[in-house]
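Below, chain A partners chain B and then partners chain C, in two separate complexes.
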Partner chain A sequence: MSSAQIEIQLIASLVAIACAIPGTFLVLRKMAMISDAISHSILPGIVIGFFITQDLNSPLLILLAALTGVITVVLVEYIQKTGLVKEDTAIGLVFPVLFSIGVLMIAKKANDVHLDIDAVLLGELALAPFDRLLISGVDVGPKSLWIIGSILCITVLLLLAFFKELKLSTFDKGLAASLGFSPAIIHYGLMTVSSITTVGAFDAVGAILVVALMIAPAASAYLLTTDLKKMLILSIIFGVLSAISGYWFAHWLDASIAGSITTMLGVLFLIVYLFAPSKGIIAVLYREKQQRIEVSLLTFLLHLKNHDDENERHVNHLNEHINWQKVRSKIVLDLALKNNMIMIDDSIVFLTPKGDKFTTQAIDYIITNEDAQIEGMKDDFFLFRG
Partner chain B sequence: MSNKIAVKVDDLTVAYNYKPVLWDIDLEIPESVLMAIVGPNGAGKSTLIKSILGILKPIAGSVSIYGKSYEKQRSLVAYVPQKGSVDWDFPTTALDVVMMGTYGSLGWIKRPKQKQKKAALEALEKVGMLPFKGRQISQLSGGQQQRIFLARALVQDASIYFMDEPFQGVDATTEIAIINILKELRKAGKTVIVVHHDLQTVPEYFDWVTFLNVKKIATGPVKDIFNDDNLTKTYGINYKVSIQE
Partner chain C sequence: MDIQEYFSLVFSDYTLRTITLGTAILGAVTGMLGSFAVLRKQSLLGDAISHAALPGIAISFLITGAKDSNTLLLGALVSGLIGTFWIRGIISKTHLKSDTALGLILSLFFGFGMLLLTFIQKQPNANQAGLDKYLFGQAATLIESDVWMMAIVTGICLFVLLLFWKEFKILLFDKDYAKTLGFNTKAIDILITSFIVLAIVLGLQTVGVVLMSAMLLAPAAAARQWTNSLATMVFLAAIFGAFSGVFGTAISASQDNLSTGPVIVLVAAVFVFVSFVFSPSRGLLFKQIRFIKNRRDLQLHKTLSFMYNIAETHDDISHPHEIKILNNFHGFTKGTLKKLVDKNYVILEGSTWSLTNDGFKTALNLYNQLTKKDE
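Take a look at the complex of A and B:
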């Protein structure tokens, strides 16, 4: 790997981390659309900032553009408060207008500088290593790396300091307000961080990728865990994984890095959506199938418990009596045998003491919901996992 | 009940958009009562509580807690929001939600420590939810979620408790368990204010009642003012407590 390659991956990874942190809270607050709005509407802020500073990497420009992001949020909320339109409509009204103003300003004034719409939407990650930061003549690395690095440091510090407040106001705004943690301050704090991150990442990765990096890793992590801290860590890991794999995918295809990273984010979400252990589609289908079999097993054991008559317990009669098809009867019989719950003697089925005890306990548990005695069976049976 | 006033509301008017949903409310809640707020859906019960707790800004009027503004008295007040007001799919556990009750005493930035965790566990124990402490909150039943909210209020260790429909969706056993805890709080000299929908149980559970429907209809001891006249004024229809089943 050349040093430029390493630098690009490093920048992409830092951007991914800086996006994943506010992104997690945006997803939990059901505000994914807002990040889309911010990422587009900061364009006029960037252009105006550029006219003033003549430097795309100036901190003043970043602050000006971030301010446009916050103004977007305020505008959206103001329109929404009038009660005339819903939030998504308000978002749809505000950001295209601001974005178009930015586009017109570029067309009129910024034609001859390096600011074009493609770069705005998709970024120029591949060029990032060539814009170096020189401190008294010494090359200390790419400018984007320093910018996003500084933003990331601030984000992490804020997260560590205000984790409790963020969690509380995201989960229960009312309680936060009554305890004196102003939800408005936390909300606008989060919006400011999201805007600054978006601007800082914009030049390197473009508007589309910023949105994808904020939302996709957090949405994937959400499917995998029920713990906020783990969700944050997973989002970060997913972001970095996509950034690095996306880079190599682009390298191999000789295509846009930002586009490849976004593709990787989509692929990652799809994989998680399908395979997540408890909320994923496949897990849910598998669980439903297992539960059907377990219910059959219980019905079968109950039948045995309640009928002494040998006729009722003959292997061949079972399907008629409990009304199953052949395949299902066989699966259930095998499962019961495997667990030593029944014995088959001369085609007549008997409950073993273990099977008898299991049936009693299981029915008891289902009806009374008393946990205690069933603990040992939870790992083997979905029905008892509560 | 002592003769101190715990909560005083003066000329309170609140609107979300244009039309006021609470109109010129005057209310004095004495210390150490167990009070029901009753009124039809949309009467402004939740809005009244939210305005007292500074969650909503009124257009006019003022609120005081033991004679001072709410901002100065936060630590004396605990709040149980209406259950539907939070996202139960939020990635967190029962214990963690109860711990949130300690955040007020911690203030900004400081993190909960062992002491706060211990208090939360005790509160969980009190509401019979200790075995569920590690459960993700979406995997609790409605009644269990309600108990978690109650535990979170208990952990605030306040003097005044505001509860918005704590009996919503709970079974008879849980309802009795909750009301017993509330009665205990009152016995300990706390003031408990509960939004309540089941008019049958008002005389049995509460000693004080406020009728609300945009305006305050009446407030006072249950035995004096809980009658058909006030019920009719509040609910609009001809109400007879006596013939309710």
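Take a look at the complex of A and C:
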């Protein structure tokens, strides 16, 4: 591995961490699309900043562009507040307009300078190690590394300093406000950090990857845990993992590093989405099936309890009475037998004392409108689940 | 070329005519379908779909090796639909919220698409140039067959829209009611979403992946401000969209170095801005005017009721009082007093005022009657 390769991976990893932290909060606060809007609408800020400073890495440009990001948020909120359109429409209106202005400014003015839209959208991570930061003639490393490193430091410091406030205002806005933490300050603070991170990272990895790095690791982590700290750590791990594997994938394929990191993030999310233990799609579908059968079982037991007539409880008549198909009736009957809820005597179905007890309790919960309690009961009564 | 020249050339010049027609039709169809997206609160879905279409373009190029726009758009359609249904899957089956799902699919698909595009660019056969026009769109590459394609799709959209108008409308405003009436809401939902995807894919070549969502939203958001009727809104949105297309093309053709897509978006944004400010019933300007007028009326009422309270203590309601006893706190200004005189509620004599019978009655009923004919 050459030193340039190590530097690229280092930059990519730092960007991943710097994005994962605000990203986690954006996902939790249901503002993920704001990051997309910011990533697009910083373009005019970057262009104006570039006209002034003539340097894509200058801190002034980063501040100007971050300001555009915050302006986007303010504009979206203003439009939303007028009540003329809904929030999502407001987002969808603001950022294409700002982006268009940026594109036109580039087309009009910056044709002859090094600033093209592809670079803004995609970045060129492969070139990042060649832009060195020289301090009094001594080469101290690539500029992007320093920029994203300082942004990361600030983000981590802010996170440590305001973790409690952030956590509280994310999960219980009302309580946070009543305890005296201004929701507005936290909100705009988060927006500013997201904007600065987006701007700082765009040069290295491009606007789209920033969005992916903010949302995808956090979304994957969200499916795996319900603990904020664990979620933060997991999303950082996911981000770094995809950054490094994405780099090598791009190396092998000889294609855009940013695109390849995003693809890795996508693969990672797909795996988590499918296989996450309790929130993954397979687990969810399995649970839904289980619950469907268990609800059928309950219906069946209630039916048995309500009818003393042998006619109604004959095995062969059951599907007519409850209007189920044969297969389903058989599954439910087997489950009930396995759990000792019923006995079958001479093709007539009886409730066992255990089944009777279960049904009585369930009815109690149903008539008092506490259906959710039934779920807890199942652990006590069921030997086998549906 | 200036704008006048453009309009004189638009009917004779092949390229200009094609582009203008294309953008106009595109604007109309996206405006039409965008109305549904906006009303269903799916505005950002368009953004996600247009980004999600990119890998489809790249993959269909990789498979066929041809740059025929219809093949590429077919790929875009498939991958846009996959993206859309994945978003729905994420929202309905996991804990992730809709904004996360949208942002995820948008960025992941787009990143994957960019990976494929850069991969294609490194390939030895040099046929790949021009695929990146789908990023920002290039109206100049429109040819007559593309326009025909758009026209046909628009025709189908219009036909389906008219055929299922009732179903779309009821699904839009009262989904549960539609369900109880026995409509297959899922099928209608899928139908309308697919049409939205189709409209977006059609626009990719002209406006590009990044800005396509604005084409969908802006005309609809503008049209929404002028009407409360769905039919009128769809119609208006189509008109706004078409005009944005035509004006955008005209402006970008009359200047050097202006790409059509962003200009069209900006023109559409102007429509939105004008609608937001000047719409008679919802617009900000008239809202503000109404607000000020209401405040003035309130001041007037306050003054009148203060006068009433004083007059009440006298046997003769028209007993004159000094103007000085009226104060600002009760909303008194010279203007309000003059208005009261104009309305014949008050008579001024020198430095005194007195309530008239009319004024006394109005003040008496001020807070009893909610509807006043004179306010």
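To be clear about the criterion, the second predicted complex is superposed on the first by the 283 of 386 C-alpha atoms of A that agree within 3 Å, B and C clash if a C-alpha of one lies under 4 Å from a C-alpha of the other, contacts with A are read in each partner's own complex, and residues count from 1 in each chain.
Throughout what follows, a residue touches a chain if its C-beta (ideal position, glycine included) is under 8 Å from a C-beta of that chain, and two chains touch if they have at least 3 such contacts.
In this text the structure is predicted, and so the values were computed from the model without any measurement.
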{"item": "Simultaneous placement of chain C and chain B on chain A, clash or fit", "value": "fit"}
{"item": "Partner chain(s) touched by A:89 [first = chain B, second = chain C, both, neither]", "value": "second"}
{"item": "First, second, both or neither for A:167, with chain B first and chain C second", "value": "first"}
{"item": "Touching partner for A:4 - first (chain B), second (chain C), both, neither", "value": "neither"}
{"item": "Partner chain(s) touched by A:227 [first = chain B, second = chain C, both, neither]", "value": "first"}
{"item": "Of chain B and chain C, the chain that contacts the larger number of chain A residues", "value": "C"}
{"item": "Touched partner set for A:133, first chain B, second chain C, both or neither", "value": "neither"}
{"item": "Chain B and chain C, minimum CA distance [Å, superposed model]", "value": "7"}
{"item": "Common interface residues of chain A - those touching chain B in one complex and chain C in the other", "value": "30, 222"}
{"item": "Chain B residues within the chain A interface of the complex", "value": "17, 50, 53-55, 71, 74, 77, 79, 81, 85-87, 90-93, 97, 100, 103-104, 106-109, 111-112, 131, 136, 138-139, 152"}
{"item": "For the chain A and chain C complex, residues of the former touching the latter", "value": "27, 30-33, 35-36, 40, 79, 82, 84-86, 88-89, 91-93, 96-97, 99-101, 103-104, 107-108, 111, 117-118, 121-122, 208-209, 211-212, 214-216, 218-219, 222-223, 250, 253-256, 258-263, 265-266, 269, 273, 279-281, 284-285"}
{"item": "Of chain C, residues touching chain A in the complex", "value": "38, 41-44, 46-47, 51, 89-90, 93-97, 99-100, 102-104, 106-119, 122, 132, 135-136, 210-211, 213-214, 216-218, 221, 224-225, 257-259, 261-263, 265-266, 269, 272, 276, 282, 284"}
{"item": "Touch list for chain A against partner chain B, complex", "value": "28, 30, 83, 161-165, 167-168, 170-172, 174-175, 177-181, 222, 225-228, 230-231, 371, 386"}
